[in-house]
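Same chain, two partners: chain A is paired with chain B first, then with chain C.
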Partner chain A sequence: MFTDLGHLSVIFALIACLYAAVVSPLGAQRNDDRLVQSGRLAALMTFPLVLIGCLGLWYALLTHDFGVKYVADVSSLATPIFFRITALWGSQNGSILFWCLIMSAFVAAAMVRDWDAAGDKPLLPYVTMTMALVLGFFLFLELFLANAFLRSDFPPQDGRGLNPLLRHPGMIIHPPMLYAGYTGLLVPFAFCIASLITRRSDDLWLRSSRRWTLVGWAFLTAGLLLGGRWAHDVLGWGGYWGWDPSENKPLITWLIATPFLHSAMIQEKRGMFKNWNVFLMMLTFASMFFGTAFIRSGLLTSVHAFAASDIGPFFMGAMIVILAACAMLWLTRLDVLRSENKLDSAFSREGIFLIQNVLFLSTSFTVFIGTIFPILSEAIGGTKITVGPPFFDQTAGPQMAALVALMGMAPLLAWGKSSGAAVSRQMIVPAAFALVVMIALFVGGANQPIPLLLFGLCAYTLAQTVMEYVRGVRARMRGGNESMPVALVRLAQKNQRRYGGYLVHLGVVLMAIGVIGKGFYGQDTITTPAVKLNESFTVGDYTFTYRGIRPVPCEFNDCQTMQAMLLISSASDGRVLGAAFPYRDYYPMQQHTATIPDISGTFNNEVYVILAGWDNNGATASFQVFINPLINWIWVGGVVMILGFFVCFWKVPEREPAAAPITARRPAPAGAPAK
Partner chain B sequence: MPIGTLLLGLALLIIVAVVVALPLLGRKTPAIKPPSRREALEQERRAVISAIRELDFDHRTGKIAEEDYKRLREAQVARGAQILRELDALNDGDARDDARDDARDDARDDARDDARDDAHHDVDAEIEAEIARLRTIVQTDRRRGSAPTKQVICPSCGYAAGVGDKFCPQCGHRLGAQESSAGAMANAE
Partner chain C sequence: MTFAKTLRAFICALLGVLLLGRSTANVVYAQVPAPDEETYRIAKQLNCPTCAGRNLADCPTETCAQWKAEIKAQLDQGKSAQEVLDYFQARFGPTVLQEPPKSGTTAPLWAAPIGAAIVFLIGAGLVMWRTSQRNAPAAPSTPQSEGEDPFVAALEREVRQSE
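What follows is the complex of A and B.
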């Protein structure tokens, strides 16, 4: 009963969306706030309605209601309760419903905000309309093309169980994070559309949606990181990134949303780049929906193939119509989006932001072309050609390195115009630090020129970013009687966006160190021929001795697990360092094999061992061993990036000035009574 | 679908319909107020303050050459003065009707603005003081019906000094003919 009620509730949510999408703009047209408020409440109600829908499906999953097709597809009697909850987004139909839940939460959050206090009430009717239309589109998909509530006439006794790949903590948080990232970016998109419809030339939409953009960006970043961690722990790639279409899709969106965060500042501060910001916001919206369409349609083979279905063409067609409408709207508003100022000098912060924007977009375009190359090659030449990691490494890699370099330059420049002398002076200390690091690395044996240069670049940008804090703290200490810690805290409080942003930059540099370490110094060895029992092989500084293989109980009771044991010792002095237990799970129900690596080693030198296969009950076995230097800095960098977001986002309590100073600062007109 | 589920669904639909229909029962009020010039100016004033604050900070951290700093700051302060002139013109109309209400509104607006602004309490206070000074002069002149007072904006700190001042009363910078001819002269009226 609850499941059916959930189904009805989702139908009501779609009706509420349609009502909000019609009534809100009608209220604006007739200048009747009652209609606008009614539409607003209808949009707000979508959240509890979709939540009831999700609760209905969760109820079916928890009570093993295999009469619901989706429940039979993604769970079984053996599925633990935890994974029955996460199974809601374990396959296409449920994941669209879950996507709707998160989107409706953002819609509701946008609707409950105090629009009067925010001063952007003129945008409300059209923000409501845009958000309701997009949410309505997904609810329509859910109800008519990918219904998770459908029942089968002959319910099975047991379900198929959750996809083994999804039984990982990273997979539990990763999809909600990505969904929140995508749907969070819907809010600034809606503000952008509302601003265009109301023909506003100011930056109200940017100011009003600034924090929402940050939230969407942060969730997208966290989702990408967690996806990388999941791939690292479960997929047996040996790394964190495989340039898989499902990874590239959020990356492309991230590569467009990030320059938007920067260029939005130019419009807010200088009244420039108005068209560019609208273009970037529309591109962000387009990238997330086209990416989803490509992967969900099965046009691109990815690790998310489990989510492939026939909704792709419909999805794509509808999105083309929506985006064409957006583009038309934009083109008819070009006259109100003229810049208020001109670029004083290319040697300024806005100048370098422009270069950075172009570089970000070219990187995202490179990744996009590489991702859709199989489709392009098939359409043009009739043969599907997939480009692998070397293509992405060689094309996107240098552009990303250039972006790291720009991160080291941009903070030095002021708005308006900067002087070469001032910039050069500020480069001395970080450049000297980079030189020292490069010499130390060279002496330590790192003599390949490219990674040496890249590490130097990272050292320079790292030092430059730290120096920004130092300069800021010094300036504050000079200006007032502040101790260093107080100056540091107030510095960040006074300009949260700038100093939170620098923390994000620091995180990116730390990640870059991990990428360079893994990319240039990583080792990947497959044992051929297979290793015999008690035989040893050496990879890098480590010697591995194969000690046998054995069946072990499966963690989820629905698979057969074989686990190998390897003794790890130092290749130089034979000292035993530990043991590795890589294993493989075979799931007869899904006919799926999962290769789970053993990850050990030190913080700076990860040892990643995969059980590739075995013969004769384990008399011989083959292994793939990766040595991943510095890879853990990627995760550290990710955490620093998220911390940077919190610094940007955290709302510092405003200190309410006393009444007397206010009136003193802004005198009342003559004739007013003395206070 | 069982009848119980249908009844529950109907109850849910009624609840949603009632919530959505509630605003429709009230009196008609305008959805969109005509754009207020005053709000736009206040927003621009905040933007100017923010720009000057950033410029000062960039100057203090050595990112910008002295000459560029002065030029850019002068331009911002001049823009700030222009905005205040417009704001004063708007306020003046109100003041004629009811000076007392205007004063109260002004103070209330200020309180709201100040609460909404990010914590400007150091550089901002200085900028506000400059702007307030400009404003006081404008208002006093207007009330007295006297000719507008001319001022020179100090290129070093942006303070609105009197036209005859040789040195800036705020920072002591020498105010010469150069500043005036370079366009630093900001006519307060």
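What follows is the complex of A and C.
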């Protein structure tokens, strides 16, 4: 009953979307604010309506209403309450509904904002229209092609249970994060379209949607990180990233949204590259749509893609229509989007931003081509050719390294024009630091040239980024008579985007260190022959002693679990370091085996053990062991990136008097420095 | 209502029996012989037909176990690693390799990223050249740093633009 009410509510949400999409532009054309406001309210209403829909489905999940097909597909009597709640996005149909919920939340948030105060009222009707159309598309999809509310004629006694792979906290939070990332980026897209329709040539759409873009980007980043963490903890392939289509899809979007964040600054500062920003925004949107179409339709197989379904053709058709409409709109506005300024020199902030932008795009394209190559090769040559991680490592890897290098250069260049001498002067200290680090590493035994160079690159960029803070803090200490901590805080407060951005850069460098460490110094092996009981084997600095295998109770009673016990000791002095308990779950219902690794070791040297197999009731067993040096820096870097986002995003109340005289920066009174 | 309760109790009881009998049943069926080191190295370079998106070495399915056994058998016959890989490629086509060959039908795949990077960079160069040639309106081309920290703006001028 309540579930059917939810179904009805989602139908109303679709109607509200259609209404908003028609009435808002009509109001704009007739100059009738009542119609515009009516459309705005209708768009606002979609959120409570979709929420009721989700509550209805949650009700069915919580009450074990197996008459609803979706509930029987993703839960069972044994599924604990927590996973029955998260099962809402555990499979295709429900996750589209959940996607609609998050999108409608963003729509509602955009609708309730104070448009009069923001001064972008003229954009409102078309922002409403764009968002209502996109949300309406997904609601249509939910209702007509992937309905989660459908009932079966013969309700089963028990459901099939949640996909075992999805029972991990990372997997629980990761999809909502990604959805929020995608739908967050819908807001700047809507502003972009509205700006084009109203023939505006200024950067209003960028400024109005700047914070939304940041939010979308941050969610996307967090979603990617959590996805990596999930793969690391659950999939048992020893790494954090497998270049799987469902990982690549958000990455492709991230690799377009990130340059957009940078190039938007060029337009805001200098009124240039307006067309380019529109292009990047549309590309961001297209990549999101395209990726969703491919993953959802089952065209691309992946570790956890949804089952093949018939929404693919519909999706593709809709996408072509939408993109064609966008392209038409853009082409008819080219004259409006002329650059206001002349590029003074390629050796400038805007010049290097442009290079960074195209490098990001070519990286994105690389990931894209590798991801869809199986489909391309099947369409052209008739055979489906799989593209594994080696391709991505060898092609996207160098481009990403180049991006890290640019990150160490861009902050040095000024807007407009830079002087070569000044820039090279600023490079001395970081370059010296990088050299010292490389020598230290070489003496320490790192003699492979490529990782050594890459670590040097990271050291340079790290030092350069830190130097940016040092320079800023020094300037404030000299000019503003501030002590160092005050200067640092004020610096970040007054230039949030800039110094928050540098914090994100720092996070990226830390992450790069982790990637290089794991990629070049990671070891992995499998025990040969299988180890006997109480026998030992050594990998790297660690000795493992096999102590037996035993069945243990499975967490939710729907699997069979075998757990192995290993003693870990130091290979050099025999000191006992700990124990490892890797295990395997077998799910008879889903015919699925999960290998759950044991993760131990130190912060800089992770030990990752997988139970690969056993014989004779555990008389012998074999293990796959990964030593992952520096891998934890990836997660640390990720946290730093998110912190950087908060620095950018946080609204700081103005306290300090605005324009302090710049001429007062020289006379540094005695006692001012080194407080 | 009572029927549902009875049924639930029955299912619980059934589950209980299954669980009790599990420890022995489990061990018998779930034995998984593991591949040796060289098989593992070769399996790492192959795709598994049943585990989408994972290499053969990491995939725990039955089909993959057969493939691994095949690799081991060929190694035991004295074939080299490359010969085993060649055998799989001849039998299943290049799709079986984790790393598609850089020649033949998959050459365009490898060329595409390099081509894209080059074309994009040239494009960026052209855009920069054109933008710098354009007759811009008489707007001042000094960077606008409104809303920025005056100290940092001064720093910017001092550090980056002066010789």
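The criterion applied here is as follows: the second predicted complex is superposed on the first by the 650 of 675 C-alpha atoms of A that agree within 3 Å, B and C clash if a C-alpha of one lies under 4 Å from a C-alpha of the other, contacts with A are read in each partner's own complex, and residues count from 1 in each chain.
Simple rule for what comes next: a contact is a pair of C-beta atoms (placed from the backbone, for glycine too) under 8 Å apart; a residue touches a chain by one contact, two chains touch by 3 or more.
The structure displayed is predicted, hence computed values, not measured ones.
Contacts of A:Ala396 after superposition: chain C is touched, whereas chain B is not reached. With both structures placed on the common chain, the touch criterion links A:Phe12 to chain B but leaves chain C unconnected.
Shared-chain residue A:Phe365: touches chain C; no touch with chain B. Shared-chain residue A:Met272: touches chain C; no touch with chain B. In the superposition on chain A, A:Arg584 makes contact with chain C only, not with chain B. The partner that reaches more residues of chain A, of the two candidates chain B and chain C, is C.
When the two structures are aligned on the shared chain, A:Ser339 is found in touch with chain C, with no touch to chain B.
In the superposed model, A:Asn632 makes contact with neither chain B nor chain C.
In the overlay built on the shared chain, the residue A:Thr284 is in contact with neither chain B nor chain C.
In the overlay built on the shared chain, the residue A:Val36 is in contact with chain B alone; chain C does not reach it.
In the superposition on the C-alpha atoms of chain A, the part of chain A touched by chain B in one complex and by chain C in the other spans residues 269, 344, 412-419, 421-423, 426, 471-472, 475, 479-480, 494-495, 659, 662, 665.
Remark: chain C residues 7-8, 11, 15, 19, 22-23, 25-27, 30-38, 40, 47, 51-55, 57-58, 60-61, 93-100, 105-106, 109-110, 112-114, 116-117, 120-121, 123-125, 127-128, 131-132, 134-137, 139, 141-145, 148-157, 159-163 touch chain A in the complex.
Residues 77-78, 157-158, 235-238, 242, 244-245, 269-272, 276, 301-303, 305, 339-346, 351, 354-355, 357-359, 361-362, 365-366, 369-370, 373, 377, 381, 383-391, 395-396, 399, 412-419, 421-423, 426, 471-472, 475-476, 479-480, 491, 494-495, 498, 525-530, 551, 553, 557, 560, 562, 584, 586, 593, 595, 612-618, 621-622, 624, 659-662, 665 of chain A are the ones that touch chain C when the two sit in their complex.
Across the complex, chain A is touched by residues 1-2, 4-6, 8-9, 12-13, 16, 19-24, 26, 28-33, 35, 39-40, 43, 47, 50-51, 54-55, 57-58, 60-65, 68, 72, 91-92, 95, 99-100, 102-104, 106-107, 110-111, 114-119, 121-122, 125, 128-129, 132, 135-136, 139-140, 143 of chain B. For chain A in complex with chain B, the touching residues are 1, 4-5, 8-9, 12, 16, 19, 27-28, 30-38, 41-42, 45, 49, 52, 119, 121-122, 125, 202, 268-269, 344, 412-419, 421-423, 425-426, 471-472, 474-475, 478-480, 493-495, 652, 654-657, 659, 662-673.
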